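A, B and C are the chain letters, set down in written order, and residue numbers restart from 1 in every chain.
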Amino acid sequence: MSPAAGPSPAGLAAELGHRARRRWGERAIAGLLFLCGAISILTTAGIVIVLFTESAGFFRKVPIGEFLTGTRWSPLFADQHFGILPLLNGTFLIAVGAMAIALPVGLTSAIYLSEYATPKLRGAVKPILEVLAGIPTVVYGYFALTFITPVIRTVFPSTGIFNAASGAIVVGIMIIPMVASLSEDALNAVPQSLREAAYGLGATKFEVSTRVVVPAALSGIVASFILAISRAVGETMAVTLAAGATPKMTLNFLESVQTMTAYIVQISLGETPHGTLEYQTIFAVGLVLFFITLGMNILSQRITRRFREVYE
Amino acid sequence: MSGERFAPSMRRRKRTGAIFQALCLASITFSIVVLVILLADVVADGAKWLSVDFLTRYPSRIPARAGIRSAILGSLWMMGLTAAFSFPIGVGAAIYLEEYAPRTWLTRILQTNIANLAGVPSIVYGILGLAIFVRFLGFGRSVLAGALTLGLLILPVIIIASQEAIKAVPTSLREAAYGVGATKWQTIRHHVLPVALPGILTGTILSLSRAIGETAPLIMIGALTFIAFPPTSPLDPFTVLPIQIFNWTAKPQADFHDLAAAAILVLLVVLLAMNALAIFLRNRFQTRI
Amino acid sequence: MSGRTTAWTALTAMIAVLPLLACGGGGDAGAGGLTGSVAIDGSSTVFPISEAVAEEFQIANPGVRVTVGISGTGGGFKKFCAGETDISDASRPIKETEIEACAANGIEPIQLSVAWDGLTVVRNPANDWATCMTVDELKRVWQPGSSITRWSEVRPDWPDTEIELYGPDTDSGTFDYFTEAIVGEEDASRDDYTASADDNVLVVGVEGDAGSLGYFGFAYYEESADKLGAVAVDNGAGCVLPSRETIESGTYAPLSRPMFIYVKPDALARPEVRAFVDFYIENAPTLVPEVGYVPLTEGQYAEQLAKVATP
């Protein structure tokens, strides 16, 4: 059929039918792709429904006041107590210790990479940080148990073989790359013109970095800190191996503690049967964990959006 | 004349700056030193156990006889099933969000939801998997339940990475296709996806390399302590490399710690290979437009 | 080759290779000819024996897949009575309530004794004062509501160091047995100690802390005897250390106890399960001592086999 002639009636009918089929096929594909996107909604719905319904069973038997304010956690014993504060205490110790390492090291690393480093150094250091970030947490748990704990015990002989310090240190190390890369992104986003203006007024590089660039990037930096804390709270394997299985209220890093995540693992290893109150503690503790991490993630997003300084 | 007044404070300011720079450099050195120590510790403990036998033998109560065969095969099965589940759905969702979704509040919620899911701790996914795949859907403590759980875990990351890759395709390419009468799906399938594919693959491989190191969700799904056989169907019980490492590390005998170190070396080599593959793909096929 | 083709090839190659590798290691029937699976769960104290048997059995019969878990004696029975496992490891006899739960599902458990254990009270090797404790002292330390936190509170002439306690959790048969034998009432125990279903955690704990005190199965002590110290138990007749002889003769009291596996007729009807149980009892005389427990006599093992002999 020559291009100039135009379609014949039969050909036109065929063409329209073909087009209709194609349109139907398009719709089907669009629908399929929408379903793929919807799976993420289903996942969130699943998490929320599972956590809430099983916890509801738990809270029918245990008053929520006792759960949130009680200082003894002994669900597996004849004399049951369901106060979550000891587990929160353990998680808090790990998070604080990890942040004490990750925040300063991560931020100063980011400042160096962003303000001082040559492109070659940057190209060499960034892959190293990525490797640190990519090491599985169970490897960090091994490192904590076989290297860090013995080192701590030579310095502080009274340290227990399971202790919060060991867990906190490796979680801190694990999180350094996250703080460094997110903070570096924030620092890089500060326009060069700000720096130039400060130099123009006679500031040294140190003053430019600390008094001009960091404050300008502060929202991104704070957001990265919060995300890092959220990650530390959710960390499981390293603390299960190194920090211990004793839920208690303490501020002593050299003692054995238990985090929320380690408790959940402990119950699963022991395989508490379905439907019992002990099984439901998994969901109650999981719910608290979910709320804390979700809250921090949302806070971090809010801070980035609300306080980001927009230039030009 | 005012130069003399400035000089001393200038010296002090410069000195503070030098100290600060040294501190920052020390931070970077700290990270590097820690990594070196960690790797050296693992190599020192585990190198002596590495051998072909180690890779082909099953776990045993006797350290000299122990190997990671069931763990490696379990990990491979897990990776294959996880990829089969999460890759199509992740890419599909990314295509939907980038190409089809209208710019409404619903889409924004979808987007935020995905970002939030990426930050949920992996153990919460384990809880979800336990309740839904193991119990509710009745898959039991099987490879399938584990793969679905890990698939959900890495799905947000795959979606975000794929979205970035698709976004990077220039609009001119799409416009050209529409201009010659292609439908939306034809455009996507024949023009957008091939260009975005290397970026999508890189993101998927990096996500899978994260999944292969995950322990906590799989412990919740079903970490039986002693498995000396590989899975032969998706409904079989399983063990994976990180769980084997965990079991051995938790034992009191030093020999088992060293076995754990050897298993860690194997895991790290696999991770390195996967990351190298991802970077290779990214660099090789980056600018093809 | 264009970028797209290479990418697709790489992807397909990766996914295609996986099942090939997996099939390479698949279970073939091999010499034994037996296929099938055996699911075992229960006591972590009995676990080392079951693990050893499972390992040797699978070497002889590569077509059978045996899994062993450590849900604890109580947890194991719950699964056994729900029909989820074929064999239940137990470090204490089955309770009435558990028998009823099994009966409700039409399951009649058959008890087989497999070994003797001397539940060992362990201390750190640096602890050279608490080499012997009376049952009463142990009770005072472990009873519910106990406020003893220092060694000097047990015996005034002992050092004033803190006691770090390690023990099994409540799903454990060892826990049930210890509380019954020492405290006098089953499941009656203080709850402020490091509780773990995983005995390895307890071993590591006691090894690490100078003032620690813990209890677990004899095999776990034997395995790490160079890093642990045993506490001799005085039941009124003098201090007795656990050892093969004292456990076998029963002089190590009250902490000598039999260990069991429980099987059921429906599972035994499957050839692989029957073969496994036979293998277990037949190889117990060698494997039990290797693992660190005390075997029964030949005659006693023959009796166990008779219990499951096909009529």
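Just so we're on the same page, a contact is a pair of C-beta atoms (placed from the backbone, for glycine too) under 8 Å apart; a residue touches a chain by one contact, two chains touch by 3 or more.
Here the structure is a predicted model, which means the values were calculated and not measured.
Taken pairwise by the contact criterion, the protein chains are fully connected, each one touching every other. Of the two chain pairs considered here, A-C and A-B, the higher C-beta contact count falls to A-B. Subunit A and subunit C have Cα centroids separated by 37 Å.
Averaged Cα coordinates give subunit A a centre that lies 14 Å from the centre of subunit B.
Residue positions of subunit B with contacts to 2 or more other chains are 250. Counting partner chains per residue, subunit A shows two or more touched chains at residues 269.
Of all residues in subunit C, those that touch two or more other chains are 69-70, 198, 201, 204, 207.
Across the interface of their complex, subunit C is touched by residues 58, 60-61, 69, 73, 76-77, 79-80, 83-84, 194, 197-198, 201, 224-232, 236-237, 250-253, 277, 281, 284-285, 288 of subunit B. Residue ranges of subunit C in contact with subunit B, taken from their complex: 3-4, 6-8, 10-11, 14-15, 18-19, 21-22, 25-27, 47-48, 51-52, 54-55, 58, 65-70, 198, 200-201, 203-204, 207, 223-224, 227, 291. Listing the residues of subunit B that touch subunit A in their complex gives 13-14, 16-17, 20-21, 23-28, 30-32, 34-35, 37-38, 41-42, 45, 88-93, 95-97, 100-101, 110, 112-117, 119-128, 130-132, 135, 152, 155-156, 159, 183-185, 209-210, 212-216, 219-220, 223, 242, 245-246, 249-250, 257, 260-261, 264, 267-268, 271, 275. Against subunit C, the residues of subunit A that register as touching in their complex are 72, 74, 76-79, 81, 160-162, 244-246, 248, 256, 266, 269-273.
Within the complex formed with subunit B, the residues of subunit A that make contact are 22-23, 25-26, 29-30, 32-37, 39-41, 43-44, 46-47, 50-51, 54, 104-106, 108-109, 111-113, 116, 125, 128-132, 134-139, 141-143, 145-147, 173, 176-177, 180, 204-207, 209-210, 227, 230-231, 233-237, 240-241, 261, 264-265, 268-269, 274, 282-283, 286, 289-290, 293-294, 297-298, 301.
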